[in-house]
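This is the structure I want to talk about, given as structure tokens.
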Amino acid sequence: MTQITALNLPPAKDIPEATQKYLDLCQEKLGLVPNVVQAYTFDIAKLNAFTAMYNDLMLAPSGLSKLEREMVAVVVSSINRCWYCQVAHGAAVRSLSGNPALGEAMVMNWRAADLDARQTAMLTFAEKVTKTSSEVVESDRQALRDAGFTDRDIFDIAALVGFYSMSNRVASAIGMQPNPEYHAQAR
Amino acid sequence: MTQITALNLPPAKDIPEATQKYLDLCQEKLGLVPNVVQAYTFDIAKLNAFTAMYNDLMLAPSGLSKLEREMVAVVVSSINRCWYCQVAHGAAVRSLSGNPALGEAMVMNWRAADLDARQTAMLTFAEKVTKTSSEVVESDRQALRDAGFTDRDIFDIAALVGFYSMSNRVASAIGMQPNPEYHAQAR
Amino acid sequence: MTQITALNLPPAKDIPEATQKYLDLCQEKLGLVPNVVQAYTFDIAKLNAFTAMYNDLMLAPSGLSKLEREMVAVVVSSINRCWYCQVAHGAAVRSLSGNPALGEAMVMNWRAADLDARQTAMLTFAEKVTKTSSEVVESDRQALRDAGFTDRDIFDIAALVGFYSMSNRVASAIGMQPNPEYHAQAR
Amino acid sequence: MTQITALNLPPAKDIPEATQKYLDLCQEKLGLVPNVVQAYTFDIAKLNAFTAMYNDLMLAPSGLSKLEREMVAVVVSSINRCWYCQVAHGAAVRSLSGNPALGEAMVMNWRAADLDARQTAMLTFAEKVTKTSSEVVESDRQALRDAGFTDRDIFDIAALVGFYSMSNRVASAIGMQPNPEYHAQAR
Amino acid sequence: MTQITALNLPPAKDIPEATQKYLDLCQEKLGLVPNVVQAYTFDIAKLNAFTAMYNDLMLAPSGLSKLEREMVAVVVSSINRCWYCQVAHGAAVRSLSGNPALGEAMVMNWRAADLDARQTAMLTFAEKVTKTSSEVVESDRQALRDAGFTDRDIFDIAALVGFYSMSNRVASAIGMQPNPEYHAQAR
Amino acid sequence: MTQITALNLPPAKDIPEATQKYLDLCQEKLGLVPNVVQAYTFDIAKLNAFTAMYNDLMLAPSGLSKLEREMVAVVVSSINRCWYCQVAHGAAVRSLSGNPALGEAMVMNWRAADLDARQTAMLTFAEKVTKTSSEVVESDRQALRDAGFTDRDIFDIAALVGFYSMSNRVASAIGMQPNPEYHAQAR
């Protein structure tokens, strides 16, 4: 079996019941336990902090659709060239959109995709926050408002870009491998 | 009063008791509630996810000292030129080290600081993960092991770089202002 | 029907017999006429120059296997984020290698692939020539010789990087769309 | 005698008659056989593919004047800092324009030249395609149309940028030396 | 005592009377002799050339206030991450403005400061000249005129950016250490 | 007559006798008054500060030959793509070396020139100080010492890089035009 990461950090000996339930739920719903989840099982407090933030950002109510959140995830991960995150979230874009080419475009070059004005504004902001966050000024936020986003939506885009800027770096820094099942999904 | 961020996101109406306790504890221990905490009070689930991850990374047991963790925080924030994080964590480095010049060097140019081999290895890795995470290879991790870090320590450095890569982007994207009290601390 | 490029350049009125034969051969062998070929049919001299160079580089005898040539094609196209070339040549890597994950890794981050020393040397040189060709010095060529490449092989790698540096720019500059059939191939 | 390239690739043993005629024509018309041509004589198929594309781009009918094509050649080669191409095509700009300072400006900083609106639009597009082709969008092409270029002209500019992005990389990767005669020409 | 620079260049043996007077004046007025001045005492001609230019730029009449000149100094030094210059001129901004947070913002991210239109125009130009001077065009100068600057003021901004682009590089290249007294000043 | 710069800054009304003598000397020795000198005549104090520093760096005794100083000048100016400085100092390299190709190589790509180990070390350091001065560390200085440079020589290289980093930016920021006579010199 391929190692999940380049670090020797075996799972915690006593997996709490709630954690085991979460792992079982992943297996049941997704057909696999994402390697990023497995990678954190060496320390349950870290796993819980990671999954709590992930679930809030990707699954809780938001003005952004689940597809839009995954599009941001892939665009950030593409800029950072994160192997794990492009594979896993590219699959999610293909699956949620029913449009395999859209998933590929988010990975390869988001400007090549056929996007509406709202999505273009969202990804333009996401790209700037990913690459040159220190140069964000009020007119960048206003461009989002002009495209129909609320201040809460702006927060959510910023938080998504932030989250994947984090997980891209953790995954690349520790050599995280994606579950091979993702590659063939929703092609 | 200056606005804490550029977004119009007022605090939640019903602050849960546990949250209020946390805010009171901040005030008592730090003499202020950090603006980053206040910025998240519009949504208690998001606040809890953020503080859980922050507390685990910065306060839980680790092979990295609290000062080392703050040094990583400032170096990442300096590369990203995050106003909020350089101010707040620069103060923490000054305070924890009792060496104001060290805090300034982390902000201005970490290579100018007088560091030992362990700290140099840690910040060299942190800089690479911040700037070009997709180019991290096994020899980068091995350099940390050679400097005395365990695989768990490597995870912690990666997670710290990730966390501040996230919070730098959120703070800059939403125009977060630091509490003015930080500027004069531990000079 | 989607337009093949963003330019209004209809095919030449009189397609020469040899050209028509080439187009028919594409259709027969690949099940499609690649859009890059169709994009050049507005001027048969340009089409011939392009296909002559392409066929020499990708199909003529060389110390590089066809898979290795396609790997170089995708890595260059990934650095340049060319939509057309990543799609078309990513499919070729998947197909020639029988390893869908390898095609994905060439697109997403070649350092994440499990490569041998020869392939690593080849792609390290290809990346440098793509990004900073003016900094290539003798030691870069020597590293290829040390990995077992001949001077003729070095020429071929350089020529491949050059060719895709060209076609990436032409494709992106004129908004070339890939044939949709590529997306599902060899998954 | 200085070597033409850093690779040990002697000319093919049997130079075909047509090739020899081409070499003789170069000598007669230019007073030299350009080293780039000599560098390809180790393989006649590669030489033919290169010269066919070169001759089509630089000499065939186009909405761009020969001087304009050479200006694009030098600007691309300057961005890529290609020793061979700046020397050879810088001489061509000096010679075709009768304006030595124009050739120097294309090498040193095209923005310093005294250009009309058409040339400025052409070089602005050429620079973007050279540096960040993946960010080209419809408004970049429209700016060329607004400056009087046809869609065919846009193709030709893209193809020129592509060609020199290729030959710059081949020349630098194999250490190609320019013929010394170019330096003093048209000063 | 810490060395002032990484080079072994002891002060000239015979310090001329005028030089000694200048050093005494520094000590009297500033409470210290800036290390940059001491670093040049190995060669009095070089010291005189440096201080003559410095005094003209920073102290002679100009349309820019002394605070504005120091703001440019710190912004340039921040982009170049010069340890010496950020420390020394950051202190000057804090002291001249009576606003410690302004000095910090110039070091950390000038866009985070609360600036008027004139200062924003000045620092926008200063940043461009620091980072990409070869791309400065007439519209950049016109933007300064539109913000109320004269042509002489434009010269002065250019000269300030130039001067700190120089002294940042000299200081970093020779490992110059700032006087420790600066850190606590005007906090 | 072409304007010397893009700023409207006419020469001072009363040119002091010493200044006039200097201008006359330029005309006599060089056959022209360099435009950079003319550009500063609007303010005699600024002119004197500039020429004092220039003369010290370029003409005073140093371990670096005059040709080596001009080589550094051109390499820095090439990286910064300064029109004025590449033209004027490129001519100086051609003239001092009697090798026109060397002047061209300094402008176009210094790595293409046939340099000895000492010159390669000097230009490697000059390039690093020009591009990423904040990353200079002791091993960079030691590499110069290993190539035979003294600490005083290192200072001189740093000061030369600094000076041209300054004058490149001033020249580009104010649109300085080189004297046309330079183009044909020493070809």
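Labels A, B, C, D, E and F are assigned to the chains in the order they are written; within every chain, residues are numbered from 1.
The rule is short, and it goes like this: contacts are C-beta pairs under 8 Å (C-beta built on N, C-alpha and C of every residue); 3 or more make two chains touch, one makes a residue touch a chain.
From a predicted model like this one, the values you see are computed outputs, not experimental measurements.
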Task: Count of contact steps on the shortest path from chain B to chain E - done: 1
- [ ] Among all other chains, pick the one whose mean CA position is farthest from the mean CA position of chain E.
- [x] C
Task: Duplicate of the A-B contact set - from B-E, C-D or C-F, the pair where over half of the pairs recur - done: C-D
- [ ] Tell me, please, which chain's centre (mean of its C-alpha atoms) is farthest from the centre of chain D?
- [x] B
Open item on the list: Nearest whole angstrom, what separates the Cα centre of chain D from the Cα centre of chain E?
Closed with: 44
- [ ] Between chain D and chain F, tell me the centre distance in angstrom, where each centre is the average of that chain's C-alpha atoms.
- [x] 30
Task: Multi-partner residues of chain F (each touching 2 or more other chains) - done: 81-83, 109, 134, 172
- [ ] Please list, in label order, each pair of chains that touches.
- [x] A-B, A-C, A-D, A-E, B-C, B-E, B-F, C-D, C-F, D-E, D-F, E-F
Task: Complex interface listing, chain F residues touching chain C - done: 109, 111
Task: chain F residues touching chain B - in the complex, by the definition given at the top - done: 134-135, 137
Open item on the list: Quick check: in the complex, which residue numbers of chain D touch chain C?
Closed with: 6-9, 42, 45-46, 48-50, 52-53, 56, 60, 80-83, 125, 129-130, 133-134, 136, 138, 141, 151-152, 154-155, 157-159, 161-163, 165-170, 172-175
Task: Contact footprint of chain F on chain D as seen in their complex - done: 78, 81-83, 86-87, 100-101, 104-105, 107-109, 112, 172, 177, 180, 183-184, 187
